[in-house]
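Chain nomenclature is as follows: A, B, C and D, assigned in order of appearance, with residue numbering initiated at 1 for each chain independently.
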């Protein structure tokens, strides 16, 4: 009548801790890096050297983006609740949504859905350009922005993109997802008549797809990496707090039109 | 009149992203691992090979602990809000408080405050045993538990502790904090008349102190590592959800005494 | 060059606190209830007696739903982080997403977009049934569920719905949104050939629309009301904790297939 | 072997929803206000008219404090994750910690522990002044600030305090907790040689104690009330966003010393 609860991630006994089938003490601690354990957690096996290079490159890209809305929210939260570092990190992660963490997810979804449809029982498309063109047309018709293209600051190109694609290629992990993403960029640039090169989230979505990471999980790469960065923001905030000043200025300015003039 | 806002963590221009003084594209992506960038973020410089070994060992230890309250909270949250993976991870991290993530912090604080007091303008204590003894006595008198000792499941010893201490020693990072933590365990076992060996959080608190990580930040090591693990729990939950079953059972049982008997 | 920060919600001076134009001490504390201040906050003015009756009815409906996934997540989080009641409430609220809090929002959106389109520069539709029918057809064609209809437990009807509609009518706040919601239920039942009556979230979405609350804010009614309920869950959890038992059972069962058989 | 899960808060059947022993549809919706249901949730019974007046006064005081760090964090979070209103409210609530929401809790704890000790098996103290004096002395000796006294902005007195005490008295709910709080303020002012009047959080902590609310739950009053206010901030942010401007300014200024000068 009831459904059995079951998880493959890990367990402990009195003398052992097992993570994804590996003895934590004997096989993981001191032998593999944090990034490789992240890969193990998601894929159920340790990465090859090539996969490790590529997976670490993806997450390293996502750790720190300077004083983002997330970082500011983390700092403001710590000011009110210094007893709860975890709460301040959580507050910052909550901003990793559709606008930020979501763009790599959206790019991965676009690519995975496109290639999944193509490959279902059908021979692999030998030419991906028609697929790219169809994606662009569909977005244009429904007036949806195409995930993973263009950047408000990094112009003419996002410097992370060629580096990430280069690392994927060097490690034998540049395949049809990367090809399709680049073709989508080319077709979009042609169709919209302006330069729309692949940005870092497009590259991450494509390469995560090469690694077989489901698109629904891609936002999680940003979340885990940014958790690292937000702890660093809190360390800095503890030493030299910005929150009181941001608060004071914002409160003063935003209510100045309401205050009695002689105040 | 106003205080200047200032952060050293990073910035971007049109063609560069700089993290802690390093060009992200030229110096970090593809060259260093996630764990090493976490070290860079916290310490302001990349780790030596030895520091990298030790720091990664600490964080790897903290990634996955099986079906913890945090993992269950993450899964339940995702069930209600599948649009927000970041919210589900945040919900799980919120449970990394005084009871869980807080114990490494408390151990680090105990050690750092003890050695800071000793070393202020005074010659280094040649014998740490009196210091360990004083710590035990103070906790006993105030009926406070000593952080970092004993474990409800891992008996007679926590298997992670000797491994972590071994790795610290092999990499030249076992010093006075590790010594003091071990002496506190010995003195506590003697004083309370029962075995109170150093557990994993005690080892982590001591080794993090060797790496110069302030105790207030130690909880952050658990938070960043667990963010990785919680994403893996969500990936599993997406494929085979446990949340509806946990909900149904808990709701049914907890209200059964209130329901009409014929229901 | 920069945009002025501006908010109308409130400010303080040395001797006054002003909320939405009302002196907190002179006009609000002791004169109006929590529900009425919630209305003031959202609408910028205090409610009439009729609006107060209806708005309080909506929020009262949303406070407590027993041992939901949110309530369980709140309890599990408190177990790990007892220093942070706010974190435990936040964890529970994070589950008020598309599946739960989102359904009133979706119903309100459906109604507000339908009537907005109709009324733009056009005379008010005298007959809403064609509009209801078009909504049902559109959902059926795209295989989208219609928000605010049917209920897995409350059958044949959700007992909250007639009560909420009755209160709206008694207070002169049952208009075109309520009519349209009911017609959508009728048309859907006819079209799908099974009973699909309006549920509580459909009634709330419709009545919130009558009160002029934008659909994007409707999820917030659930969030604010449930914050109340989650504090009550925490009070009970402090006295008689369920979290350790839920944890122990879930951990044991979910990993039993992985554990050594003699363990 | 296992412990029974049990909750008294509520349950549903096909045709009924019961909240704290009351039929939601028959007894609560349309009959009682949001504030009164909050009281019911916490106390297990509906309030008297007097209790309702006082409880609503407490929560009304806590709804809106203008552009606090919590409100700014909520707005910044929404900017990054507009799909998740609940996440943005949660982010703001996470800042209701020791510095903000915690002060009413700390005042209530001080009062409840003092009067509990006094009253255990002993006759009620006829004179509370020695108790107040002892509290002040203890805090002074350990250099701990006394919760609930003084205010950085509201000088010479916090205007909410006399109003809250007046309402408590008018409703027959000003007793020994309120007396003790006021005496602590008097004794502290004398002992420290400067005016330290009771502030709003001191008044709230004292009056919540009169209502029999455990000190551990008092922070929850601020959390539930502020959830209301944060939804209103989000409604305003949706119409006229402040987040992008706060982000742009903070990022620019905080990294200006790192940027190349010609940039």
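To be clear about the criterion, a contact is a pair of C-beta atoms (placed from the backbone, for glycine too) under 8 Å apart; a residue touches a chain by one contact, two chains touch by 3 or more.
Because the structure is a prediction, the values reported are computed rather than measured.
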item	value
Far-end chain from chain D, centres as C-alpha averages	A
Chain pair showing more contacts of the two, B-D and A-D	A-D
Distance between chain centroids, defined by C-alpha means - chain C, chain D (Å)	23
Centre distance in Å when chain B and chain D are each reduced to the mean of their C-alpha atoms	30
Whole-Å separation of chain centres (CA-atom averages), chain A against chain D	37
Multi-chain contact residues (two or more partners), chain B	5-8, 10-11, 13, 66-67, 81, 83-84, 86-87, 90-91, 94-97, 101, 242, 246, 250-251, 254-255
Residue ranges of chain C touching chain D (in the complex, touch as defined)	2-3, 5-17, 19-20, 24-25, 28-30, 32-38, 41-42, 52-53, 56-57, 59-61, 63-67, 71, 84-87, 89-91, 93-97, 101, 153-155, 159-160, 163-164, 166-167, 214, 216-217, 219-221, 223-225, 227-229, 231-236, 238, 240, 242, 245-246, 248-249
Chain A - residues contacting chain D, complex	66-70, 72-73, 76-77, 79-84, 87-88, 90-91, 94-102, 242-243, 246-247, 250-251, 254-255
Chain C to chain A touching residues, read off their complex	4-8, 10-11, 13, 18, 81, 83-84, 86-87, 90, 94, 250-251, 253-255, 257-260, 263
